[in-house]
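Per-chain numbering from 1; labels A, B, C and D assigned in written order.
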Amino acid sequence: MSHLAAFIREQRQVKPILLMTHVIYGYPSIEDSLQMMRTLLTKEVAILEVQFPFSDPVADGPVITHACHQALENKPSLAQCLLDINALAEEFPSSKVLLMSYLNPLLQFGFDKLAKAMAPGVSGVIIPDLPIDQHAMLKPLVAAKIDPVWLMIPAMDTARIKMVSEHAQGLIYCVSRKGVTGKSSDSTTAKQVLSDTLNELKPLTDVPIALGFGIASAEQIQEIIGQVDVAVVGSALINAYIEGGLSAFSDKVDSLLAA
Amino acid sequence: MSDQGYFGQYGGSFIPEILYSSQQQLLQHYQEAMADASFIQKVKQEMQQYSGRPTPLTYCANLSAQIGGAQIYLKREDLNHSGAHKMNNVIGQGLLAKRMGKKRVIAETGAGQHGVATALISARLGLECTIYMGAHDIERQYPNVFWMKQLGATVVPVTSGSQTLKDALDEALRDWTDSFEDTHYLIGTSCGCEPFPEMVAGFQSVIGEEVKDQAMAQIGAMPDKIYACVGGGSNACGIFLPFVGTDTELVGIEAGGSGDGVGEHAKRFNTDQARFGISQGFATKFLQDEQGQLAPTHSISAGLDYVGVSPILADLSDRGLVRMSSAKDDEVIAAFKQLMLSEGIIAALESSHAIAGGLKEAASLSVDQNIVINVSGRGDKDIFTIASALQDQPFNDFLQGYLNRQSNNQGAN
Amino acid sequence: MSDQGYFGQYGGSFIPEILYSSQQQLLQHYQEAMADASFIQKVKQEMQQYSGRPTPLTYCANLSAQIGGAQIYLKREDLNHSGAHKMNNVIGQGLLAKRMGKKRVIAETGAGQHGVATALISARLGLECTIYMGAHDIERQYPNVFWMKQLGATVVPVTSGSQTLKDALDEALRDWTDSFEDTHYLIGTSCGCEPFPEMVAGFQSVIGEEVKDQAMAQIGAMPDKIYACVGGGSNACGIFLPFVGTDTELVGIEAGGSGDGVGEHAKRFNTDQARFGISQGFATKFLQDEQGQLAPTHSISAGLDYVGVSPILADLSDRGLVRMSSAKDDEVIAAFKQLMLSEGIIAALESSHAIAGGLKEAASLSVDQNIVINVSGRGDKDIFTIASALQDQPFNDFLQGYLNRQSNNQGAN
Amino acid sequence: MSHLAAFIREQRQVKPILLMTHVIYGYPSIEDSLQMMRTLLTKEVAILEVQFPFSDPVADGPVITHACHQALENKPSLAQCLLDINALAEEFPSSKVLLMSYLNPLLQFGFDKLAKAMAPGVSGVIIPDLPIDQHAMLKPLVAAKIDPVWLMIPAMDTARIKMVSEHAQGLIYCVSRKGVTGKSSDSTTAKQVLSDTLNELKPLTDVPIALGFGIASAEQIQEIIGQVDVAVVGSALINAYIEGGLSAFSDKVDSLLAA
């Protein structure tokens, strides 16, 4: 079975919920972004999600979109990104590293080539503009035991939840109902819909579940303990960096880990 | 026309999962509407009674004589309400949005033509309207923004990325992921996820259907060639599709811009700077770098500098059913002037690309051949660009005088 | 229609002896042409294939509901090539000038709409073109001047007198006394000596003829009332004449301007500042002082501030066959906005007078009555006036930015 | 028969050609225009043509048009104008005074009233925008023995020449073929056409003939001696005034009278 799934289950033995944190490769500079990753890995964050920037990140909100465009100023290359994060994965075996990007940069790189370049250290990939219907595109990754992390949303219809559960391997990434990254949706109804959907999913699969979009504090993480295995924090960390640089970033991570 | 939203290897639906259900809803309503004769009738009626269709086919005796080759006819989309073919599409999608019970529409716009058309139809149909427009384009095209605002639309400047059309499209998609329950995304060209390319091309096909009848009535034969400018591809699809597979050759003219360097043009064909890619919800030829980052574009006409192109045209080109060519900025200005001086028709700079392409080729055709050039829009909107290109000093003096009067007035208040 | 060029006590020919023979020549050719089915056919064809006629009749559901009275329909002359009804007249006279073997046309223009229309048709028909325009109007309407020049016309600023439309007409007449052998005076409205009032009204009558068919098809009855703005009177004559003597009430709306003082408006009816007079080649109601000097005029719309009026309308008004009313500048802006926001139609400020007049009266009519308002032209030409009236700061910023870029460019050259 | 015609014939006994000079009432000011008239009359110019200004003088060229608009700034009244020039006519019996204006100011004044107000001193009226076809409008003047001075042009068709000859009383005013006041047309063909027309007219009438438009010098006057009875000078005098004021005006008159 999936290394990623196994890793998460093992960690969950001791932790009520795991933290998955997000860094953009090349923001604010390639050096600093690697520094952020190091910080996170040193603090033993369970999962590190590295976003390779794309010029048109339609699923991202203003904070990450802006950060991606700044990152692109530094002309990041996907090949180098994968070398760098493989090295980190090797250096910090007690965390898992995931790649996140949009379809086109990966498509241009080529999925066969990508499968090779992600191995051995990058466990999975998140592609927000690749719908589950297109799962066949990722065959080369699956063949190489790299887990596509499919997204699901609350109130997704049953047929599609099934499709996700059938193709899920290491992790299922559940995002809040509406909008783009950085927007929290904490209306009670939204929460109700979410738990209904999770209840519909869980009987269908034993793949671990991550919940993301809009989680910015330890409190919010506390709230979802018991519902999912992994809490994803993205924009909140970038905001911390924007406000206070690397040290604020580091403090933010600590406060989240305290959850 | 499409196979599950695919046109050969192009098209498809590559959108965040969040949009899946609203896209499915749109797909279903669109198919139902197209099967509903009363809806088709309603669209036809609004096109006639609101936008003034059919637009005429104008024979250009002077221009044909000057060129000394084929007989030149113009399809006059510039006479549509709003001054461009964009109106055909917004009438169709606007009525569909009403039929779907949506209260609001959102749209991306580059030149602002689609933004104005959308704001017009929204006022006409009583829909709320939000237009996303690159901050950079707003600066260049403020008069269109002025009218959108006067029409009651909310115009949101998009300050991310290149601050042009593609970024406006990204931002509109982001809005849609947040608002799809009561909002229809009224895309302005034959691009995007299923069913947009097919739907927009379908509503625009009235152009080519009319040309068929008018060619029979006025020429007594189908045209030998048809020329259209290609930005996203909607006016080209509109005039081409009814002729695909006939003996009429279909020629698309892209923005050759100021040169062939990266960022100097908006050619998605006949350049190795563009290749198959997937973004903005669909697969097509995109201008992009080796990392797959979408590339910057340039054209003298804001309406043509789009980084992608209709998957329908990408496929027709692959299949040799449409030929793609391009015209450079200076050729475009020359063609704009030649048409204006010889026939008294002021074409949009976008359309002037088709004219440049058509005139260039007409010369080598015989006098008993006939070509139709699609004048997708009128050029008065381009007065600032033209006056600037011609460095018309009196125009500057007029503007300065206007500004002086303004500050005096404001002083007075 | 006229009796020796007279309409009741109005009309006639009061021109310098020097113009007698050319006027007689015009009269004769005009009568011959009107009797020649092939000429009529040619005019019809150019109106359709070049200008896009017929223009639609647009039903305004939202506006009618808002007003809560009569059902409101708009005749869409704004969709003509050039953006105004002026095109109907220049097509007719342009083809007549060619038939007469003239090489050149001259015209007066106020707003510049007739000047642009004349420049367009001159390019189309291969005629030399000289436009006389008041220096004061040129200042206010430069964008139209820009297009006239681009179209190859010579634009002569008229610096005498009030430097507006009437002075431009004087100057055009002076040119004609010098050039009549090879030049046709292409007057822009239903005024001047015989046969101009009848000729212009005749070419414009296509508007009303179309309304008859369209009303039957869309309403199933003739309209109860028809509204048109009245400058010189050509769009009003055009839509009214086919209905004269029917049950349809015909209402002309003049420029009420900013007030009733001398020089604050352009009303030739319902004011004792205007009375019977003879000037500019014909007899009509002129705004004049007690010495018979023609008076200054004002309107927010440059196209309506003319000191005289069509002798045809003066007579129809005397005979109670047309009712004259007026709309003030502020009412006009309000009507302009209401139409724009409720139906997505941007009407010219001239036309917005008719809309103001029509909406005011529609309220007190019953829902089963129908009115037609003539939208003589489109309003995008008025962006400077509207932006100024609304004190739109971003527009000023845009202009300033444009000017800054210009001076930089020029620096660069 | 017409006093004006009689006067001209009598003068022609001693002079080969008479001079008719033109002044605009109110230009540059009412006072100065009266001063100009006095100057002319003192110099015993045969005929004084006084133009009452109109806002839209379509038959006049730039010089007179501009002068008329300036004159209007002084708010001239036709009633006062007629009083003033009647007084001059009385004071200088050895010259004749004609009124020139456009139709509308006279029409608004009313032709019955005009007939009274012109009498006794103003012998005739010139109305460039009143075609001969409209002669009936001037009945009240004719009744009061005030002469309408009809305009004719070279190459006028025979029927109209007849009409003019039938209605002419004191003077027939022949203008050059084309254009407006201030434009001379001295091409030889133009001259030929002119003399042909005059030859067509003369057998039909014994009313004196004046020739105008573009005559600016004694030489030009010399040239037409024998062809017509009266030479009309308009714009040339105003130009003289514009260039050198009243004294230049006076000198110009002297040079013309020297013809």
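Definition applied: a residue touches a chain if its C-beta (ideal position, glycine included) is under 8 Å from a C-beta of that chain, and two chains touch if they have at least 3 such contacts.
Small disclaimer: the values here were computed from a predicted structure and weren't measured.
Under the touch definition stated at the top, subunit A and subunit D share no contacting partner at all. The distance from the centre of subunit C to the centre of subunit D, with each centre set as the mean of the Cα atoms, comes to 38 Å.
Computed from the mean C-alpha positions, the centre of subunit B lies at a distance of 66 Å from the centre of subunit D. Averaging C-alpha coordinates per chain places the centre of subunit B 32 Å away from that of subunit C. For subunit A, no residue reaches two or more other chains under the stated contact definition. For subunit B, no residue reaches two or more other chains under the stated contact definition.
Because contacts link the chains only in sequence, without closing, their graph is best described as a line.
Those residues of subunit A lying in contact with subunit B across their complex are 54-59, 61-62, 65-66, 69, 72, 76-78, 102-109, 128-134, 151-153, 155-157, 160, 175, 177-180, 183. Chain contact summary for the complex, subunit C toward subunit D: residues 12-18, 20-21, 160-161, 166-167, 170, 173-174, 177-178, 277-281, 286, 288, 290-294. Of all residues in subunit B, only 48-52, 55-59, 62, 76, 79-81, 83, 119-124, 126, 139, 142-143, 145-147, 150-152, 218, 337, 340-346, 380-381, 383-384, 386-388, 390-392, 394-396, 398-403, 405-406, 409-410, 413 touch subunit C in the complex they form.
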